[in-house]
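Heads up, the next two complexes both have subunit A, just with different partners, subunit B and then subunit C.
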Partner chain A sequence: MAGTCLTVDRLSVVFESRSGRHAAVRDASFEVGEGRMVGLVGESGSGKTATGLALLGLHDPDTTTVAGSAVFAGTELVGLTEPEANGLRGSRLGMIFQDPMTALNPLLTIGTQVTETIRVHDGLGRAAARERAIEVLGRVGMPDPANRFRRYPHELSGGLRQRAMIAAAIACRPRLLVADEPTTALDLTIQAQILRLLRTLCDEDGISVLLITHDLGAVGAVCDDVVTMYAGEVVEIGPTAEVLDRPRHPYTARLMAARPRIDGWDEHLDVIPGRVPSPSTTPSGCLFKPRCREAQDVCGEPQVLTPLLPGRSVRCIRAAEPAGVVA
Partner chain B sequence: MSTVSLPPVSLRPEPRRDGARAPNRRALALRTVALRIGAFLATLVLATFVAFLLIKLVPGDPATAIAGENATPERLAEIRAQLGLDQPLLVQYGGWALSAVQGDFGTSLYSGQSVAGLIAQRLPVTLSLVACSLVLAIVVGMAAGIIGAMRAERPSGRIVTGVATLGIAIPNFWLGLVLVTLFALWNPWFPATGFSQAGDGLGEFLRFAILPTLALGAAGVAEVARQLRGALLEVLTADYIRMARSKGISRSALLLRHALRNAGVPIVTVLGLLINRLVGGTVVVEVVFAIPGMGTLVIDAVNQRDYPVIQAVVLVMAVIVLVANAIVEILYRRIDPRIRLS
Partner chain C sequence: MSAPLLSVRDLTVEYRVGRGRLRAVDHIDFDLDAGQTLAVIGESGSGKSTVASALLRLVPHTTGRIDFDGLRWDDLKGAALRRERHRMQFIPQDAGSSLDPRWRVRESVAEPLVVAGTSAREARARAGEMLDRVGLEGPLQERFPHQLSGGQRQRIAIARALISRPRLVICDEAVSALDVSLQAEIVNLLVELRAERELTYVFITHDIALLPYIADRVAVLYLGQIVEAGPARSVLENPQHPYTQGLLSSLPRAEPGIGQARPVRGEIPDPADPPSGCRFHPRCPLALDECAVVEPTVELVAPDHAASCHLLVPTGATSPTTTDPGTTDPGITGPGTTGPGTTALPTTPSLRKARS
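Moving on to the complex of A and B:
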């Protein structure tokens, strides 16, 4: 592996409200390698999105406490002031969101929303920024970019809107793109196109990608590494092929089993019983224990993320046992 | 269906949503404009006709007002015949409308002055008062709304919101009387009554206009502040605001380019309604401050059953309200590209 682009170390995100403290992310640690595409997977409520937002400092500081460390290209992201964060956001650190229908401003043209990023960070004039924006729109596969530049979001299809959003996020060639469920709101065929685009940007433009998704199929198709999160904790890390083919944490294994496959529609869909525990509870021991088939008494003990091999870690007491335990 | 199957793959290409649109768009636009103008005229006819009927419903008649209480019935009948008041209502209204269309609004039954001349004298006064109140509502109301939204959870924001809520509840005539008492009688800083036209010197105009503007515009300030705060609070939670923040947009650009624009449609609606209310409210405020505007003109005319004057004032007020509404609609289209298509 080349250098690391992002090192997240014991990152935690706590929402505070009148009803109490809710830990959305608990001591998460993982890395994103330079020029690599990392899938951050887990069910709804596992803390994936909260992690992504924390990296860009997009949480409301009045209600959210972010602690721990996240070093991006030599800069500590946790605790940045708003102007410092604004300097990074959009220039070296980009983010795209789930729903291209709502994440683009309906009142501004595609062109305005892409040039905005360029003009804020590169200080280009109107004409130069326009030229650059059209080039970027072409780069993300927008057909007829000069024409699309003048269009409003509602005049484009969902797939094209997502391309426009990607263009706005990568217009200044960031080193890391956080993609929060970028394909969830799209048609199946468009999903594949967008994933391919992200992979191309990673390979050819050297933009590392943190792909937040619940779609293990997407991860298997494009990601180099996988980070599995459960209830705010990172439970498994490893190269994609390793993790998906030989999951060592029972949760990853169950996620794989719960994945609907095109050739398996009429078979029994293996859902995971129960729900992700509420972020306000802090059970001791393994958080997955109540839903785990392999749970034993020792699982009530606190679990730590244990490295098995270089680049492969698992938070399960039984992971050290010979492979095949969690079939 | 009981069996689960894969969704069928659509072979039909997605319809193009941009590029060339249907060629009959121009015809459609022309039709829309024609309909609008028709509705505009119909509203004017309706407003003046209803006003006309209402005057006739009120007891008392102009002949008595002109000839005095002790006039003989013959004298009264003579005056009525002279003014055409013995004609059927529809004929009377039709006669008025026909002349009005030709630009002839007749003369005041009471003073004999030309109605057009009276309006020309009074309208600038009322328009300047309404315009000042509108500017006050926009400038102060928007500032208060922005503060209220940006500091929603902090004391400063809460105070601004609280004052705004109070402002809506205060009636303008009462506020006018309080302002006169405080700043014209107890502290003689401003004149209690009268008006000076803007054309005769700006300083004098402002000195006379400040108190009535405050009285008339306070509720507008409060309304704009409250609505803008609500609209902004909603807009600020939108995904596109988060997306804009993720691009490193500064707070001020975020507010101006993204948030305020999106709060624009509800605010323009409020401003349109506010103009209607200001045009109505000016009648009361002009009486409180004895301002020689349209409001005092129409009050006197109603007392004297001077129906040519009443009709003309109603017509002018209705035109103001309709024009304001038309401007609001144009603004909607300018602000939101999605409305332009429909």
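Moving on to the complex of A and C:
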């Protein structure tokens, strides 16, 4: 396996508010390998977006405490000053979000926005930056890039806006792209195209991707590895085929079972009873226990993320049992 | 045989756009029997929500006739329409924005009954029962919408739609914004309520994978036209129109290794300026020369299952020539691309069969 692009070690994100402390991310540890696509999955409230924002340094420093470590290409991300974080974002660390309308400036043409990124971070002159911007727009599949260069975000379809945001994100050849629900708001057809584009950028340009999504289908289609989060904790890590085909954590298994299947005739959709616990919960034992069909008394004890094989870890008492016992 | 609950013929809806007109729904026909669920699928801009608005009589239609529940539905006006509206109700995608933020949940659910002349007291009692049934119990009923989660608000929308005992409910992306487990809960609830209250659904969604769990019939909409329609299982297991096939192969599969065989390329064109001939031809991997010129007719491909595609016409006189994807395809820059070389007919045996 190639080197590691991002190593997250016991990352925690705590929001402080009048009502108390809310742990959005609890001691999360995982890696993103060089040139790999890693899916970070979980329901709303699992802490996946808080993890992404903390990595990018986009959390609100007045209300949020980030602790632990996240080393990206030799740089510690936790505790960076705002100028340092700014220097990384948009250059070596790219980001894309669900809604390009909020990420793109509505007053500037998409060409200007991509060109700005290149000029700020790579210090290219106006003409060279423009040339590169058009090339990048073409690279992300923008039809007729020289013409679209002069368009404003509102003049583009949702899919093309998402391409424009990806262009701005990869214009300075980042090592890592953090993509938070980049396809959720798009039509199925465009979703498939954007996922394929991300995969291509990973394969051909060597950009590692952290794909934050609730869609296990998207992860199965393009990701190399999966990290499942539940209530702020990482509960399962492994290669996509392993985790989705043979989930070892009951939560991953239940998520897979709750997914509608296009061949699910005469079947009933499986429901995970209960709700994700509130971030203000102080954990005692496994956080999934109240919703778990296989819970035992011992699950009331704290569970740790236990490595089973290289690259495969599970936070469940039963994961240590011989394979095949865990359904 | 009894008449269908809903019968739509030649329905066209046009919007004025600048100086021109945009035909959002273009001469569509369909029937829906009581107790059945018709799923309407297609991309944004295909006209799905306009079909809903036209059925709900929220936008005027240019042509066509709608017969519903024994009424000449498209002719109803003013007070008569208001009196009958309870027969057809609506569940939106974002229930939060359709509820009055200053009203307690139970008041919002009781409102349709009060408007229809029920006493406030009885309306509140029935709203309470209805909310109990959809799983929103006790003190939750006295809360304000912003105090509730997305799943709970969706339950309120269902209660509000069902309180006036409709025959038909139109669900417009009613579960699309929910997490997978919540989505399963709401779909299961809709299925239970359908049996319990003898409901008929028009289920508009872009989430095709939900169809096996709720749909009896499917209509695939593309730029305002139904390009394929039939029994849900027949359409999904044996799709005949290249657009339906493309939609199905755009579906990401969690099962690793099952690739996206032939997802639809490019984007849906501007509905104000639809392509000539078959509207799908610029994105179609199988397009023939005639597809750009002649509009295809509706062909019956199996019992009760029809599609509009030139490839389904049993002439065999023309040979397939693919259009150049390079000019119309913004999405494909990498491997896994389905180029013209790989779009040979053997990948669609059903089409080939139909030609011979």
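Throughout what follows, the second predicted complex is superposed on the first by the 322 of 327 C-alpha atoms of A that agree within 3 Å, B and C clash if a C-alpha of one lies under 4 Å from a C-alpha of the other, contacts with A are read in each partner's own complex, and residues count from 1 in each chain.
In the analysis below, a contact is a pair of C-beta atoms (placed from the backbone, for glycine too) under 8 Å apart; a residue touches a chain by one contact, two chains touch by 3 or more.
Quick caveat: nothing in here was measured; it's all calculated off a predicted structure.
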Contacts of A:Pro290 with subunit B and subunit C, given as first, second, both or neither: neither
When both partners are placed on the shared chain, which of subunit B and subunit C touches more of subunit A: C
Which of subunit B and subunit C A:Ser157 touches, first, second, both or neither: both
Contacts of A:Phe97 with subunit B and subunit C, given as first, second, both or neither: first
Partner chain(s) touched by A:Gly79 [first = subunit B, second = subunit C, both, neither]: neither
Contacts of A:Pro307 with subunit B and subunit C, given as first, second, both or neither: neither
Which superposed partner A:Ala168 touches (first subunit B, second subunit C, both, neither): first
Which superposed partner A:Glu43 touches (first subunit B, second subunit C, both, neither): second
Intersection of the subunit A residues that touch subunit B with those that touch subunit C: 157, 189, 262, 265-266
Residues of subunit A defined as touching subunit C within the complex: 43-44, 139-143, 157-160, 163, 187-197, 199-200, 203-204, 214-222, 240-241, 244-245, 254-256, 258-272
Interfacial residue positions of subunit B with respect to subunit A in the complex: 3-6, 9, 14, 17-19, 153, 238-240, 242-251, 253, 257-258, 261-262, 264, 335-338
Residue ranges of subunit C in contact with subunit A within the complex: 43-44, 150, 179-181, 183-185, 187-188, 206-213, 233, 236-237, 246-257, 259-260, 263-265, 267-268, 328-336
Residue ranges of subunit A touching subunit B (in the complex, touch as defined): 56, 58, 62, 82, 85-91, 94-97, 99, 102-108, 116-117, 120-121, 147-148, 151-152, 154-157, 165, 168-169, 189, 262, 265-266
